[in-house]
Amino acid sequence: LEKAMKGRQPADLMLRCTILDADGNVKTISGQFRRAELCSEHRLNPRDLRKIDSRVPNLVPTILVRKEAILVNILHIRALVKADTVVLFDTYGSADSRLHSVFLYHLEHNLRAKVSGLPYEFRALESILLSVLSALEAEMVFIRNLVGGLLAELEDDIDHDRFKRLLHYSRRLASFQNRAKLVQEALEEVLEQDEDLAAMYLSDKKNGVPRKAHDHEELEVLLESFSKQVEEIVNEAENIQSNVQSTQEIVELILDSNRNALLALDLKVSILTMGIGIGTLVVGVFGMNLKSHIEEHEYAFYVMTAVSFAAFIGAAWTGVRRLSKIRKVGLSNGNRKRPEKRRYSLFSLRGRRYEGW
Amino acid sequence: LEKAMKGRQPADLMLRCTILDADGNVKTISGQFRRAELCSEHRLNPRDLRKIDSRVPNLVPTILVRKEAILVNILHIRALVKADTVVLFDTYGSADSRLHSVFLYHLEHNLRAKVSGLPYEFRALESILLSVLSALEAEMVFIRNLVGGLLAELEDDIDHDRFKRLLHYSRRLASFQNRAKLVQEALEEVLEQDEDLAAMYLSDKKNGVPRKAHDHEELEVLLESFSKQVEEIVNEAENIQSNVQSTQEIVELILDSNRNALLALDLKVSILTMGIGIGTLVVGVFGMNLKSHIEEHEYAFYVMTAVSFAAFIGAAWTGVRRLSKIRKVGLSNGNRKRPEKRRYSLFSLRGRRYEGW
Amino acid sequence: LEKAMKGRQPADLMLRCTILDADGNVKTISGQFRRAELCSEHRLNPRDLRKIDSRVPNLVPTILVRKEAILVNILHIRALVKADTVVLFDTYGSADSRLHSVFLYHLEHNLRAKVSGLPYEFRALESILLSVLSALEAEMVFIRNLVGGLLAELEDDIDHDRFKRLLHYSRRLASFQNRAKLVQEALEEVLEQDEDLAAMYLSDKKNGVPRKAHDHEELEVLLESFSKQVEEIVNEAENIQSNVQSTQEIVELILDSNRNALLALDLKVSILTMGIGIGTLVVGVFGMNLKSHIEEHEYAFYVMTAVSFAAFIGAAWTGVRRLSKIRKVGLSNGNRKRPEKRRYSLFSLRGRRYEGW
Amino acid sequence: LEKAMKGRQPADLMLRCTILDADGNVKTISGQFRRAELCSEHRLNPRDLRKIDSRVPNLVPTILVRKEAILVNILHIRALVKADTVVLFDTYGSADSRLHSVFLYHLEHNLRAKVSGLPYEFRALESILLSVLSALEAEMVFIRNLVGGLLAELEDDIDHDRFKRLLHYSRRLASFQNRAKLVQEALEEVLEQDEDLAAMYLSDKKNGVPRKAHDHEELEVLLESFSKQVEEIVNEAENIQSNVQSTQEIVELILDSNRNALLALDLKVSILTMGIGIGTLVVGVFGMNLKSHIEEHEYAFYVMTAVSFAAFIGAAWTGVRRLSKIRKVGLSNGNRKRPEKRRYSLFSLRGRRYEGW
Amino acid sequence: LEKAMKGRQPADLMLRCTILDADGNVKTISGQFRRAELCSEHRLNPRDLRKIDSRVPNLVPTILVRKEAILVNILHIRALVKADTVVLFDTYGSADSRLHSVFLYHLEHNLRAKVSGLPYEFRALESILLSVLSALEAEMVFIRNLVGGLLAELEDDIDHDRFKRLLHYSRRLASFQNRAKLVQEALEEVLEQDEDLAAMYLSDKKNGVPRKAHDHEELEVLLESFSKQVEEIVNEAENIQSNVQSTQEIVELILDSNRNALLALDLKVSILTMGIGIGTLVVGVFGMNLKSHIEEHEYAFYVMTAVSFAAFIGAAWTGVRRLSKIRKVGLSNGNRKRPEKRRYSLFSLRGRRYEGW
């Protein structure tokens, strides 16, 4: 605890970041910067930078609007967007360098392309959101394939090992769902606050023409479009989730019903065994070294053999009949339900349609 | 990922669409148009058209209001409604051509019928929503029949295969429920924004008399009526869903209770087998080729046979009695509950009515 | 589908309805009227009447405020209330004529009693809501008795057939709950919209003194009072629902625990059977027609009998001891938990009170 | 139904109530009053009094603000608070007279103590809310002890009877939770409406200085303080509830796992029995009264005995080995999971931390 | 009850507290103060102090803004922050003195450091929230490790004792989750009320320059930053929670599936036993001391032995075949599903993608 409380204050003075200038060219790659310098240069509060500090993992994505900059911290991207500069902070352990280089390539390209009509900071934002979106989409497709494949395997065989994989996948899915929802919430939080939206027109601000609080249609359409697409992903993840859920429920029912079938077969075997036991007992009686005077009869052997098998078959048949009575399971209960039906009708205003089931 | 990010930019230049003119006549059927041309002709943002692009499947339905057009993308319909034209985009793989031709027939008819008092764009919208509604309704009725039939079958017999079908149906149901809810949300989202509603009076806008933000009662009543009907469908789907849910729960209880019955019968059989075993043991003792001096007694055979059967019956009877004690399961626990009841009453302010249960 | 889309347009021209005049007298009973005439007479939109059309079953109740009338469609009642007329539409298949005649009697009486100070349309509304309320209440009491009785039966005996009835009742309950909630939502929707409330003062409107948007206390108190009572019913239904739910959960636990008890007894029997088997094996050894020279010993018979029974008892005892070790199930796990307890205390800020459990 | 509709109108003309005057002295104890008189005396609407009528049990508590009075109907208390009088209605069957007399004592005392600075009506309200709060608290403590004790018992032994008690307690808990939540909602409903809060300053109104809508800090602090305390109780009840829930879930898992242990032991016994059976079969073969020429060998007896026991042990050993293979259950699945892990890493943006589990 | 109602009024006159002055120096350590004096000195309402009274445990954290002070009551900290003094109340039984001393050290340090630009009261608040946050974080990390470790153990072996620990951990987790959520709600409640935020600028108020209702950006940023971090913790706790949940569900499935495997093996053993029984019966028949004339045949012994083993093997083989038919469980049901698929396609507007599963 002590560490936690102290560790928050000084230390960690260096941050690695990549800087792009106003023309979209990379000025520095993974350069080391002092935290304090960054703060003063970009007029940030040290508390803001802490969020971006790569060593503290953040689950909750944030888009913070500051005086001269927008601080974006979503999934794998931690960036500081200004009216003429983009600072990308290296996230700690972001081994996924391919995703990052595609993003960088797209960002450079987009920053150069001034024709689109969007100001510099929004083009940067667009690239960032596009990268986030494609990362989410890729993961969603990946999980959908994993889960879909597993569920398809379950079609063929319900198996122990598959449940274990199901557990791993549904953990992944839950964690993904959570992340996607948080991204959506972060976008919507920004969209809801008119002041923040207006304050994000950094170029205008720099040129001394700050936007009015309600004049931000361009940005709203941009963010809304991404928000809709993230919503689509969240929705799809929920679909997968509910699919997994209902599969689990049905699998449990199938296992239960299968168990009953196993038990019923077991019971049949037990009944046969019992019948055989009776036969053996009958037969054993005559195996005793005692005089019964039956040994003197000519056909006693055949009669007793028949008797023992008859006892076997009789006992088994009785057992199997009782079993088959129990085995017949259905939801309807024959004649008892009828009279109640009639009592229902008095009040079944609209419930009628559903009662037939 | 790379593909995902790049694929979003250019490409896909052609779209197939059907165009209806101001008199409701079909001008072009499945004609090919350049995306860029469509954008410039109808003054749309390319980003808007992307939603309608048939190759990207969309789950989340949208009704977008643009300067001169309304973009509708709900379920099987992707349309661009203007003050004097309706452009229907062919959805990729929409094999359900019958649904589509009925829709087209109705749309043509409705666009021609100028008597209803509604402007051109609302008549188009009405046809679109009607088609969506009847598609939802048809699917709902279809699923209701499927599920209802299956649940009726479960009345007769709880069966393995039926659970598998139940799984398939409840996946269908969940996916349908999701779609219906999203349609309702899309309608309500439009209804909530007064500016959008007013901006949908395209004919008035074209004639240079844009509506004021609060003057949109006609449209509101139209959309509200559809929204109510979709709500009804959503509600019904939820009913089916809760029905399936409670059936699953009870089926599980029934399977459990059936399993206990099977076990109890098994136990009876086991007990009998054990009793028979005792008899066999007794009898076997006298089958030993050892001298016991009992063989000299005259009635030893009959006595020992009786003893062995008595052992059998005694053991079985003891077992069955213990079983029947366990089998009696109820929720009440005889005399122990009483004293607590008295302690309850002190605080049972209003809980009284529920305690009797 | 085609039918669905076409069926919506013309057809269904006749509606049966009962009309009461300004003095509460029944003018027409179940008279047939043309839909178009009704529309023009009461200045309604045909779309409004469609909701009331008895052939389309409606789950979602609605209270629509139109220029000269209030259209009420709740449960079994579909009525058009005007400043001096009440039109009751016959609901298709409303066999529950007793409920209806009580309602009609009350409505007539209430419309005549001008002393209460409420305008004509509110007295009609009061009667309608009262009838709805008493229908809901009656059904709630009925279901409560059904479910309560069933749960009381479950106290005595947990049974197969009872689960089936439980399923039927909980479907009924869910459907009732849904309907009651929808009624409440319909009432609250009206209560939330000041314009609608003001527009419901039809008499004032007719007399040319329309109410201002915020001057509707009388009506608000009236509707709020019904809303509260419906809330009470919804609340009670939820109570029953949660009761059923927790009973199901506990019944499952009891069945599980009972199954374990059955298994344990089964195991005991199996162990005894195994012991007997060992005895039989020992005894059988000496039943072989082979020379073992043991047959020459005098007391061999008694020794071997004793040995066989000892084997039986030894095996059984060992088995029963292992069983009893497994059978002892509790939530605490002896000594292992203690050391962790100590580690807890460091952070157990307020969790302390709950840890004792 | 008829009764329900008629029963609502006249009848029930007498109410029993206790009246306290402006100095906190009891004027009448359980005096009988006509309903109509009460209405006219306190300028109430008959509909308001109906809520307080003791014969209709109310679950949903209400605080109604009328022109000259506050009508309070929470749990066991039904009171009419005016600027100089408090009328307490006797609740039907409120046997809990001790709670009531403590309340009456406190109320008298509080009404006399004019020093606190609060006006008469708020002192009455304070006493009422305090009584409600202490009743809720007492019941919560009582239920917490019941449930806590039961859960502690479950630590030692998971038992049939305990589940039944658990059912009764969790019904009680659910009903209590419901009541506490409704009390909180009632308080918050009042707190949300500024007009109502201002209208509750009855003394000021009587003195002709009605409060302005936003000038009600005193009352707000008073109600908020009670609301917070009720929230605390609701929160605690939810804690107990979630505790019960998670205990049920784990108990089910433990019963399941115990059942598997029982089955495994059963299986071991079955395997031994089967082995013994094989031995008996071998031995039995030589018990046949048939010539096998083996009887002539000297050590045949010992050899066959050894063979039979070897068959027994061999069969049992094979069985037990297969059993132990099945019995080893874990969530990890050895080597199969690894390769997938590698494929994960591509997209495991932030999911990384959770994968280790 | 009586005690509860009386106990609330007088008594408890002394409170122990630690006071820090305007320079951050500790003036008094655990000094005893009269409640009444504290109230009058800091101009508090006695009701406010009751919340802070250490003997009543509070679950719901509160931040109350009073005229000259902020009352903070979160988790282990109960403090009164004024413009130049901080009063820390000793919480009853707060054995966790280390957490407290770290907090005190940090608070002193922070109060002295006037350079940060924040007024005195906000520096105190910052220290308090930081201590709360690090306490939450520490507990979260601790629980995450506990649960993570347990789930990792479950990977290896699903065990009885582990479930018991799981129960204890998930209770802890639920209680932690609840606390963290309540802290977040308390922070957000303050953030939502502009008046309260403005009223918290105690220094300005003291200097006679009260803030306007909307001028509180500094404080908002401070509180928002803590709120975000608590949200992160809540989010993580929910992740752990959902992880535990899905693990429980899968463990149940695995136990179920394992039980089926056990049953299947049991069945195999039973079938073998039955087969052996048949063999024994056959053999026993010839053990009878009855004449069958078969004993005279030369190879009768070998024939009958073969017959008995054949019966054994035949019976066992039949049984095992039937078993293997039941054992094959999958979700797909061969050929029956196909025809329905075709009927689906009519309406499978967008459901198509999910059907493949």
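Labels for the chains are A, B, C, D and E, by order of writing; each one numbers its residues from 1.
Rule of thumb we're sticking to: contacts are C-beta pairs under 8 Å (C-beta built on N, C-alpha and C of every residue); 3 or more make two chains touch, one makes a residue touch a chain.
Just so it is clear, the structure is predicted and the values come from calculations on it, not from any experiment.
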item	value
Proportion of interface numbers common to chain D and chain E (over half same, under half different)	different
Chain A on chain E, rotation in degrees - Cα superposition, rounded to nearest 5	70
Whole-Å gap separating chain C and chain D, where each centre is the average of the chain's CA atoms	19
Separation of chain A from chain D, taking each centre as the mean of its C-alpha atoms, in whole Å	30
Residues within chain A bordering two or more other chains	59, 135, 138, 160, 164, 167, 171, 175, 239, 243, 247, 250, 252, 254, 256, 258-259, 261, 263, 266, 270, 273, 277, 280, 284, 287-289, 329, 331-332, 354, 357
List of chain B residues in touch with chain C within their complex	98-99, 102-103, 106, 130-131, 134-135, 137-138, 221, 225, 228, 231-232, 235-236, 238-239, 242-243, 246-247, 249-250, 252-254, 256-261, 263-264, 266-267, 270-271, 273-274, 277-278, 280-281, 284-285, 287-293, 315, 319, 322-323, 326-332, 354, 356-357
Residues of chain B touching chain A in the complex	1-2, 4-5, 8, 45, 47, 58-60, 62, 148, 151-152, 154-160, 163-164, 166-167, 170-171, 174-175, 178, 182, 239, 243, 247-248, 250-252, 254-256, 258-259, 261-263, 265-266, 269-270, 272-273, 276-277, 279-280, 283-284, 286-289, 294-295, 298, 300-302, 304-305, 308, 312
